[in-house]
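The same chain A turns up in both complexes below, where it pairs with chain B and then with chain C.
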Partner chain A sequence: MVSGTFVEAPPLALAGEAGVRPASRETGRSRARRLAPPYLYLLPAVVLLVVWTYQPLAQTFVLSLHSWNLVPSTPMEPVGLANYEQLLSTPELGRSVWRTVVVILGMLPFTVLIPVAVALLTRRVRGRAQGVYRALVFAPMLVAPVAGAAVWQWLLDPSAGAVNRILGTDVNWLNTTGTAQLAIIVITGWHVAGFAVLVVTAGLAGINPDYAAAAKVDGASRGQVTRWVTLPLLSPTLAFLVLMTVLLSAQWTFPLIDTLTQGGPVGSTTNLYYLLWEYGFRSHDAGLAAAAGVLFFAGFIVVAAVLTRLAERLSHHDD
Partner chain B sequence: MTTDEAVGEGSRARRLGGHLVLGVLSLLCAFPVYWLYATSLRAPEDVYSLSVLPWPLSTASYAEAFATSDVLGMLLNTGVVAVLSALGQLLIALLAAYAFAAWRFPFRRLLYLLFVGTWLVPFQATMLPNYVLLSRLGLLETLAGVIIPTLCSALGVLLLREHLNGFPKELLDAARMDGRSSWSTLWTVVVPALRPALAALGILLAITAWNEYFWPAMVLQRSNAVVQLGLRSFLGTEGNDWGPLMAMAGLACLPVFVLYLVLQRHIVNAFVRSGLK
Partner chain C sequence: MRRSLPALASAVALTLATSACGLGSTGDGGGAVSRAPELDPGQQVSIVFESYNFGQAGAWTDTFTELIAAFEQEHPNISVTAQKPQGNSANPATDTISSLQSQLSAGSPPDVAQLGFSDLDFTVNELGALPLDDLVGKDTVQANFDGERHAYAPPARTLGDWEGKTYGVPFVFSTPMLYLNTKLFADAGLDARRPPRTWEEVRDAARAIQQRTGKDGAYVDCLTKAAKDWCFQALVRSQGGTVLSEDRSRLTFAEQPAVEVVRSMQEMVREGVMPNRTQMQAVDAFARGDLGMILESSAIQGTFLKGAGQDWELGAAPMPGFGDATPVPTNSGAALFVFSQDQAKQRAAWELIRFLTSERAYTTIATKIGYLPLRTGLVEDPEGLADWAARNPYLEPNLEQLEHLEPWVSMPGPSYLRIRDGLMQAVENAVFQGADPAESLRSAQRDATALVPGGDK
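Entry: the complex of A and B
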């Protein structure tokens, strides 16, 4: 059979032809034709990837060492590491990093704690009801961020909003320094919690039930099984959710901040992500924004490396 | 099954507790969506009403939204962006995934890592050069400028490759014995077998493109060509007109919700799979 060679080298297209001809007499041209197909299939994707992801990434590195105002006709001036120095010395940066940390910590209940509780609870409920709960919890995920922003602005409206009228308060949620960040976190949490529930549910479904059964036979209570068997086996899923939260929280909040608070009041919702946007597109200082982008990229790599290492260490429970 | 049995044998109280917590949570999650549509369907004088049911029903808010902005044009534009973007991503990802699954070739691993690596490149790190490139190409403020940079979906490549890895090699071999070219094998053997996966991924990509905000906001600037941006221009101005705003937001979500009602299971599966890779 030829099944072994299929994945080795000869492509589908010219297999018959190439098979007849001895390899030693293969001309350069037919060799090219034999090797070309996988590259041709990859070509569109790779070209797009290079043009729209990797080449701009390299340009961002270069740009971060220059001063430029984004106007094509003005030249870029090399300034060395000045952008990084300016960035790392802005008092605003430290504050925005701290706010990013707050957002990430504030998101963890929505992306990890509540989803785990809900997924464990849905196991108790079966049949049609389970599907209905899941469909309802998942629905916010499908709401466009701007539409979500619109309805929450309405719900949180200081005078006529449903939240104040139901709670009997008159808080201007989105325009008060203390509550604006909280509101952004809750709205973002509302958007993504359903997704996290589904991820945990899938994680639970992938756990071999024999472990729990064995623990039960040994006399473990339900709580003990959950604590000492199910949760450890679920740890790769939990690690994934934490990684997702850390990397993407600030990104998820962006459309909400841009439409609801514009980083305010008095900068209280300006996280790192929004700060970058402002540097690049409000101040028209491209070099500064690029330097911030590079720092962001470096941060992504460090966080991802640490958390993947962590996930790997945790994931050989189920061997 | 066995865990279900083991857990299910619990008392009624446990199950009731589960229903209670889940019921409250589901209501909290669904309430804003319900309130959005409820407000949009109230008569103008009832907009501030707190009654749960919007009664009498009225389409005045929708009429107002249609009168003040080109809602149909926006929905159409967004639809074009979503469909073209999803189809383009699907086709390009299918070709790339096919290459990875059916051949071994030099630099295969490296090329694959190129796709995986995109996960680590935040949007911030590429947006400025991309913006400049689009402006050089004269694609700013055009729908093409919104679509083209999104056409390579690393997620799509990885997911489809995953599916193709489970694809029986014998079928590919049989097609080759029949003397078919790799191109015709792709379309007559692989694509029909992959149809469910392609459909799920396509829906996921279309919904994502429909709801996309960041990139269109950059490319289209302050124009309102797509519905997410049109909605934004309604927001933030002092003294919102809540009825028409909710009508507009409702329309912006409607196509996605209709898809969700029809294809619920597939959509949920597609989202979960995408998250697990």
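Entry: the complex of A and C
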């Protein structure tokens, strides 16, 4: 290798002396050699990103302009914007967007309020009991959603279930349009609250205790310290949790909806993700599902941009 | 910013270059299928058999594994790999089509697949199941239906046909039955040996059970999206209506007969004699002994028998009708289809189908799982199922129904599931959530009409 380079170098140098044109080619080549390494280093990452993320995204877009049932032997028919037209004219889409908003609002207490309260309270518990409390709160997260759903189904059973016996009601929680969504939200909340507590606890651990100590020296009560020192410093964590809730709530509910209500009764628990899945994998309408996916993608980009902007503005950073 | 442009441009170029590949092909799927020649005795072939029965633990898997072993012994040159559909639904039967689709898109479909009758249109026209009449000859297919000793029941022979050609061999099969809890009947002062024959009688019996025992009266498992539309079609047919016109171009489920069916079911819920339950809740409640009657597929009978045990006894009656009209049951169940591309595999697939629908296989399937034998003569054959039939009191109403059975009509076009779901959601909305039946069905039919190929938009 090394000798090869040596042998190659002299003719290049000679060519350089010979005229103007080869000289410019030589500088072009050396420029390329100078500029290439950063791109070469980036190349593996970019290729993977393109193959696994951007290419499917582009394919989704292409697919959204076709009518196709996912079977390779049937040709894809280009249909222009017909899928988008059909999608925007179905009342199902609007209803499922609204249900998604309800799920997000319903999840916020479980991902923000309760975790903050629990994390602040468990902080006061000392010693081994603290670990036990945290483990208890985190435990539901470790239960597989489908297994948890089976137990909840049993608890919510209209004739033999514990919930109805305790409340003295005879509501069929999962099969009444008014209560099914509530049941899904509470079960999902029960499931993810432990994770949110973990995030808040990590956020609290990252706050320098000197601030609280200083405030106490100045005569601040425990409540005042929490309100004016801890919570503002926790705001980046809370903003992160809100962002997660907005973007992921509908996905968290998916396994529960699939096992407990299948989007019913009468579509009352069909949110965006469930609708998307029904179009693509139950109705085998790849074009329509892709069009819905593209619309949601665009929608969530806007939502995420707004939220990150807001989070930047509202958060206090301990720099 | 300017520096990153080349990188961005190349990323975009790479994306565009790769985005076109990997999606649908433009090759034509149709065309005549040539005859698959007989296998040489020494020719080794391996095939894949996909059936949702392998996803159901216990009797189902065990029986099918046993049958496959017997087949391999009989055909030493054919080896069979059995698999369940890909996916993780609680009920593996709901994964069949999506599983097949993903394997077709990967280019390696199973050679034999067991698929439901409701998917027939899609299976033949979109998934490209092979016509058995072309593959092995019409005579061979008909000879298999005639059997060695016992022929298929006449209404069962044509259930897997499409435009005069046989694509699927009907395999397992069930009809809607009215199951009774005889203990609740006795407690309510009713005679379970004289079960209700009409829906009016069902309603009266349910009211009596509810008032005298405090348990729930009756549940009709044909009225929700999860139940699919098979026995709803039976109810509508019994009332003299249809859900789809004869030429498959027009939906007819918003017409008077269907509306009347939905209205009478809604009244049962309003009066409180039919509880508001999901399919799963109702099946559980009946198995527990908390429900007097349930109209249910005979495929669930095993679950009920297990639940009955010591505490109560299971009774069964044919599907009730409306007034004096004869009830028209429809069948649920599945047929066996061939998807292999290779000729040797196609022939081996046919051999497997022939074995699985033979007298011998049906004897095993009926005794071990309880499915109805489609070769009905077997139940009188002392060498076949005569013993088993004598011990099985639930068989008679089921066989009685086979006489006037009508096929479960599959919805048309590639969006057939959205049509079916739309219909059943409208039914559910009216019956259990109190919406107006006529209005609910009309708006569902209006939405679904655009999905019917060749339907008026």
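Just so we're on the same page, the second predicted complex is superposed on the first by the 263 of 319 C-alpha atoms of A that agree within 3 Å, B and C clash if a C-alpha of one lies under 4 Å from a C-alpha of the other, contacts with A are read in each partner's own complex, and residues count from 1 in each chain.
Assume contacts are C-beta pairs under 8 Å (C-beta built on N, C-alpha and C of every residue); 3 or more make two chains touch, one makes a residue touch a chain.
For clarity, every value in this text was computed on a predicted model and none was experimentally measured.
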Using the superposition on chain A described above, determine whether A:59 touches chain B (first), chain C (second), both, or neither. both
Now for A:39: first (chain B), second (chain C), both, or neither, which partner does it touch? both
Please work out whether A:70 is in contact with chain B alone, chain C alone, both, or neither, and reply first, second, both or neither. both
Is A:259 touching the first partner chain B, the second partner chain C, both, or neither of them? both
Quick one: is A:137 in contact with chain B, with chain C, with both, or with neither? Answer first, second, both or neither. first
If touched residues of chain A are counted for chain B and for chain C, the larger one: B
So which bits of chain A does chain B touch that chain C touches too? 39, 42, 46, 49, 51, 54-55, 57, 59, 63, 70, 72, 153, 157, 160, 258-259, 281
Chain B contact footprint on chain A (complex, rising order): 1-3, 6-9, 11-13, 15-16, 35, 37-39, 41-42, 44-46, 48-49, 51-57, 59-60, 63, 70, 72, 114, 117-118, 121-126, 129, 132-155, 157, 160, 162, 165-166, 190, 193-195, 198-199, 201-202, 209-210, 212-213, 216, 222, 240, 244, 251, 254-255, 258-260, 273, 276-277, 280-281, 286, 289-290, 292-294, 296-297, 300-301, 304
Could you pull out which chain A residues touch chain C in their complex? 39, 42, 46-47, 49-51, 54-55, 57-59, 61-63, 66, 68-76, 86, 90, 153, 157-160, 172, 174-177, 258-259, 261-267, 278, 281-285
Spell out the part of chain C that touches chain A in their complex, as residue ranges. 6-7, 10-11, 14-16, 18-20, 22-29, 89-90, 97-98, 101-102, 104-105, 107, 122, 126-128, 216, 224-226, 275-278, 280-281, 284-285, 288, 290, 414-415, 417-418, 421, 425, 428-429, 432-433, 435, 447, 450
Contact residues on chain B for chain A in the complex? 1-4, 6-8, 10, 14-15, 17-19, 21-23, 25-27, 29-30, 32-33, 35-36, 39, 48, 50, 92-93, 95-96, 98-100, 102-105, 108, 111, 114-115, 118-133, 135-136, 148-149, 151-152, 154, 157, 169-170, 172-173, 175-176, 179-183, 185, 207, 210-211, 213-214, 217-218, 227-229, 231-232, 234-236, 240, 242, 245-246, 248-250, 252-253, 256-257, 260, 264, 267-268, 271-272, 275-276
